[in-house]
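What follows is a set of structures for review.
Here come two complexes built around chain A, the first alongside chain B, the second alongside chain C.
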Partner chain A sequence: MFKNNTHQQSVRLHKTGPQIAQELHACIGCNECLLACPALGESLTIDVLNRETLGGAISRPVAQFARACYQCGACVSPCPVGLHRDAMMMWLKVRLLRTGWEE
Partner chain B sequence: MSKQNHVATRIDKAEVVIVGNGIAGLTAAVETRRLEPEKSIVIMTSQSHPTINTPALKQFAISKLTRDQLLAYPAGTERLQRIHVVNTHVEEIHAQEKYLSLSGGRGFGYETLLLATGSSPTGLPKEMPGQDFDGVLTLHRLQDYLDLRRRLNEVEEAVVIGGGAHAVETVMGLLYWGIQVHWLIRSESFLPRTLDRPASDMVLESARRAGAKIYTETEVLGIIGRVGVVAGVVTTQQQMLPCQLVLVCTGTAATTTLAQHCDVPMKHQQGILVDDQLRTSVRDIYAAGDVAALRDPLTGKYATRAQWYAAVLQGRAAAAAIAGSEQIESFGVPWHATRLGEISMLTVGNPLAWPESVVPLTEKRKGSYCRLSLVDDRLVGYLSLGSSQPDSLSIKRIIDEGLSVRDITKELLRGEFDARKFFSGKRSFAVQRMISTGQLPTPLPPMPGIMSGERRSTPRSPEHMLPPVAQRQAERLPAPRQAERPMTPRTEPLVRPFDGNSPIPASSEDPITGRNNRRRIAAQQTLIEETMGSLLPPGDRKADELIVRMPERQFIAPPVPRNKEPGESDTSGNLHPSRSLWHYTDQHPAVKGKGKGNVQK
Partner chain C sequence: MEMRKHLESVGGETGYSWLYKATVINGGVRATVTILVISLSAGFFAWYTRSGNDASPDSIVGLVYATIGTILLLLAATRFSKRRRVHRNRTIGGLRSALGWHMCFALMGLAFLAMHSFGEFNPRSGTYALYGMIALVISGLVGRVLDRIIPRLIAGEAHRALNTEGDDRIETISQKLQAIVGHNTQNIQGFTTPAGNKQAAASTAQNSLLPVALGQGQGQGQVKAWREQTLHTPWDLAYISLESTPQELGRDGQYRFVPDKKSGLTRPGALMPGTEEHISELEEIRQAMRHEIFYRYITRYWRTFHILLALLTVGLLVWHIVYALQLLLPTIIH
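Coming up: the complex of A and B.
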């Protein structure tokens, strides 16, 4: 049905804001995605990550983590609820750029 | 009690009082604070710890998590949001005079009350011999899991009782610790009301492979102890299973004690009955979370949804209803996604309902199983088991929006469904059609009586009839200001005739909220008219037949700017143009017309 869709690839990583919010609300906080993450440096709790992905100010550890994330997708398959942490991290990266967070 | 007494014992009051600090209660409190910056909000709880991620307790049980990582909201959120948490036990609701009586004889007044008391474990029957021995645990709260973790070193064999998701998760947790597990299931299959036989067999087989001993059609007759401590379990199959630990996972029931202790009768069965705005049958009292029994949009029956995501959604919706917001998310069909050991399980809608009229499609492969329940080309139930989870929320969305799955049946069955592609394509086609023809796609007609006797009586809201994009556009319109509505004095009856989610009455006033539905919808339409440049054709203004006609050009307009509150979520629909859908249409010829196939079926 969607063959020859010119922006197919750009769609892959894209989830809309409401979709990201919905996924964040469904997150049960089991930490499996962070345990699977190869890019996570210092320890981060999922509650802080979720709240800051959703909105508000972005703290230093979360900003560093968002920069470190290279979208490998290792977080997706361990999720017991079937959420896409990669898309959430993408969203966080965009927010980071938008807020002009500087090191 | 005389009136004087009430006044004398009433010490405090708050505008919004929430009973229970589970996820529904705290979410509602935080969301109410966002919507109503000045209201006083109080949470009453008898729980000794802050709100935690209860589903993560099973990860906590196997030490994958520390206690600090269990917090659902960052520490100090309540203080930051000026939400007062009172550690107390609420004994009674006096709905006529609008106050609660707390333990110790205190009173506490409210303007709006939200009951989020959650659920409590069913446990073993009180008369079962030996159910009070040390080592018989009901796993439900944080304390139970702390207790379990302390005991794990002394346990070699354990008995798990129960036939649900909680039981299999517990079994897997114990096996992880190298404990020999005997698993007793009352029925002959696992989750018989949700899973069909092949699915159930698959789950049981995976537990068996992991090392559990499974006893189906077996119940506990009694528990044997030695000097007050568990030593074994006697089953209905005349077996004696030696163990040092008995874990009871026999399900939960909504805590409706407060509904029973309310001076005005509050409707409750297995939970407190609420409508789609989470209002109970008593004025100014709402219910959310595990305790609330909502109507299933497909079956029309009231049932509680004791799941995390449902509780979060209901907390948010309750806050929106309390704040008088017009935009209340709909809950849609039940949705449950979890990991049962190695297997990911997803159930959406009612996979096993209406066997007489539903066409089930199943596909079983090595290590995965999928079942689609279809009525014509629409999905009414989805069940999948496999090593990984499909895009679970998207499947819920397909059912909620009643989209046709004709083109994606194979992908859905194989678990290869790419939701991002599907929805972006869907949306672009819809938009493309709207832009080129100026017409909204016609929504699919309501499903003709898929269940015997009962039919879906609720018309879908006008917003729902719009395609997702137009829906979002409609959401961006500012809601009518609350202050414009007459708030006091309230003259409506204390007990409202509870009719669930019956269609909007044709007569003028909603008996509970005092809101004039027609006026409300008319106002909404006026707003749309204003925003859209009065291009609406003069149409029928009947509430039930509201069709929002939007001119083509306005779809490309940037979102209505609004001032953002500090700390407000910026994912709430007010999208930055650079990542909105419109960006694609500007940059890429993404919605390039294709002769055929781009029409919404």
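Coming up: the complex of A and C.
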């Protein structure tokens, strides 16, 4: 919808579930995104984060990390395969938000 | 509800409250150090000013406050920036800790520089530097509040733009609209163009946006081709056509459908049931995406604003130091 608008193109929008799944499958687990993250407050492994982003139960550390993520985008540039961890974190946020609204 | 029950049954976390509690490594240590340093220096400041000593910014104590404040300010400015840029020896949570110290150093620096002024705001350079520092710290604190609020707002907008399976709602609605248009187009194909109106039929056929089943002289294969072409036409192009409708084409023929003015069929979209609802949903999603972009711009520009303010404050500080040294150095030398 906004693809033709060059001014808005510089701001990346959220990604869809299938796009997130595709990116997660492309992740090589190098941990660079987590090392570059200024929001991650406790030790967390990339495989746990990837697994829980994709679906299923969200553990406490992953949920806390998802809530703490402030979408600064510091995780995007260090990724050697050009993935968007910020979009994956947004997907986790949406999942948490939905479960909260269902209460 | 089902998803939440499922997540809870397998021990999962649910919900995204505004007042979530963030886990921070050594957060307590940083807070304690900051409070302790500010309290001790403030206590000393109170004792010093009440005991009748030289309470001026260029006194020994004032200069010590200025030096410590400047060092803390420089630590706040450089330590986190360097940590972000240097990739060596990084650990998980290290940047979070550096961000925490960045805030602590900034708060301590502001406190020391405020005490250095001793309530004197006459020298312009020093006052401007202090005001710059206050604005910088406030912008940082506001930024932290925005960092907590904005991502949740973005998540809300993203939720509006995605369906429960995580697919793009725009795409889903577009497909539904296309199905409606396709269905209506197929109904329209039921109308037969009179044989005497071949010119009009040819004109419509050239357009291909709202095709009609051609009458005599046209093969079955061509009709099938038209149908396939119709179904692959984008819904918006198919819906908005400036070409004559089959009803208008059939003016000379036997049938022309004109609904009564009082009829419900005169309502916009009455002949395309469900279209209005889908279009309003599309507008709602567009609005959500616009909001998302707006929120992302807020956080982005607030960070830029904070950095620019930091540069301005450093500039004012350098100006003030140069100004102060010009006054102090002759006194010290003589």
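Operating definition for what follows: the second predicted complex is superposed on the first by the 89 of 103 C-alpha atoms of A that agree within 3 Å, B and C clash if a C-alpha of one lies under 4 Å from a C-alpha of the other, contacts with A are read in each partner's own complex, and residues count from 1 in each chain.
Note that a contact is a pair of C-beta atoms (placed from the backbone, for glycine too) under 8 Å apart; a residue touches a chain by one contact, two chains touch by 3 or more.
The shown structure was predicted, so the numbers you read here are calculated from the model rather than taken from an experiment.
Peer 1: Thinking of the overlay built on chain A, is A:I20 touched by chain B (first), by chain C (second), by both, or by neither?
Peer 2: A:I20: touches chain B and chain C.
Peer 1: Give one of first, second, both or neither to describe whether A:R51 is in contact with chain B, with chain C, with both, or with none.
Peer 2: first
Peer 1: Just chain B (first), just chain C (second), both, or neither: which does A:G82 touch?
Peer 2: first
Peer 1: Check whether A:A68 is in contact with chain B, with chain C, with both or with neither, and answer first, second, both or neither.
Peer 2: So A:A68 only meets chain C here.
Peer 1: Counting only touches as set out at the top, which of chain B and chain C does A:V94 meet: first, second, both, neither?
Peer 2: So A:V94 meets both chain B and chain C here.
Peer 1: Look at A:L40 in the shared chain and tell me whether it touches chain B only, chain C only, both, or neither; answer first, second, both or neither.
Peer 2: second
Peer 1: Using the superposition on A, tell me which residues of chain A are in contact with chain B and, in the other complex, with chain C.
Peer 2: 1-2, 8, 11-12, 14, 16-18, 20, 31, 35, 56, 91, 94, 98
Peer 1: Show me the residue ranges of chain B that touch chain A in the complex, using the header's touch definition.
Peer 2: The contact residues of chain B facing chain A are 53, 55-56, 58-59, 64-65, 68-74, 308-309, 312-313, 316, 337-339, 344, 346, 388-393, 407-408, 420-422, 424-425, 472, 567-573, 575-576, 579-581, 584, 588-590, 592, 597.
Peer 1: Per the contact definition, I'd like the list of chain C residues that touch chain A in the complex.
Peer 2: Contact set of chain C toward chain A: 1, 3-4, 6-7, 10-17, 20-25, 27, 84, 87, 90-96, 98-99, 147-148, 150-152, 154-159, 161-162, 164-168, 170, 286, 289, 292-293, 296-297, 299-300, 303.
Peer 1: Where on chain A is chain B touching in the complex?
Peer 2: 1-2, 5-8, 10-12, 14-26, 28-32, 35, 45-48, 51, 54-56, 77, 79-84, 91, 94-95, 98
Peer 1: Within their complex, state which residues of chain A touch chain C.
Peer 2: For chain A paired with chain C, touching residues are 1-2, 8, 11-14, 16-18, 20, 31, 34-44, 56-64, 66-72, 74, 78, 90-91, 93-94, 96-100, 102-103.
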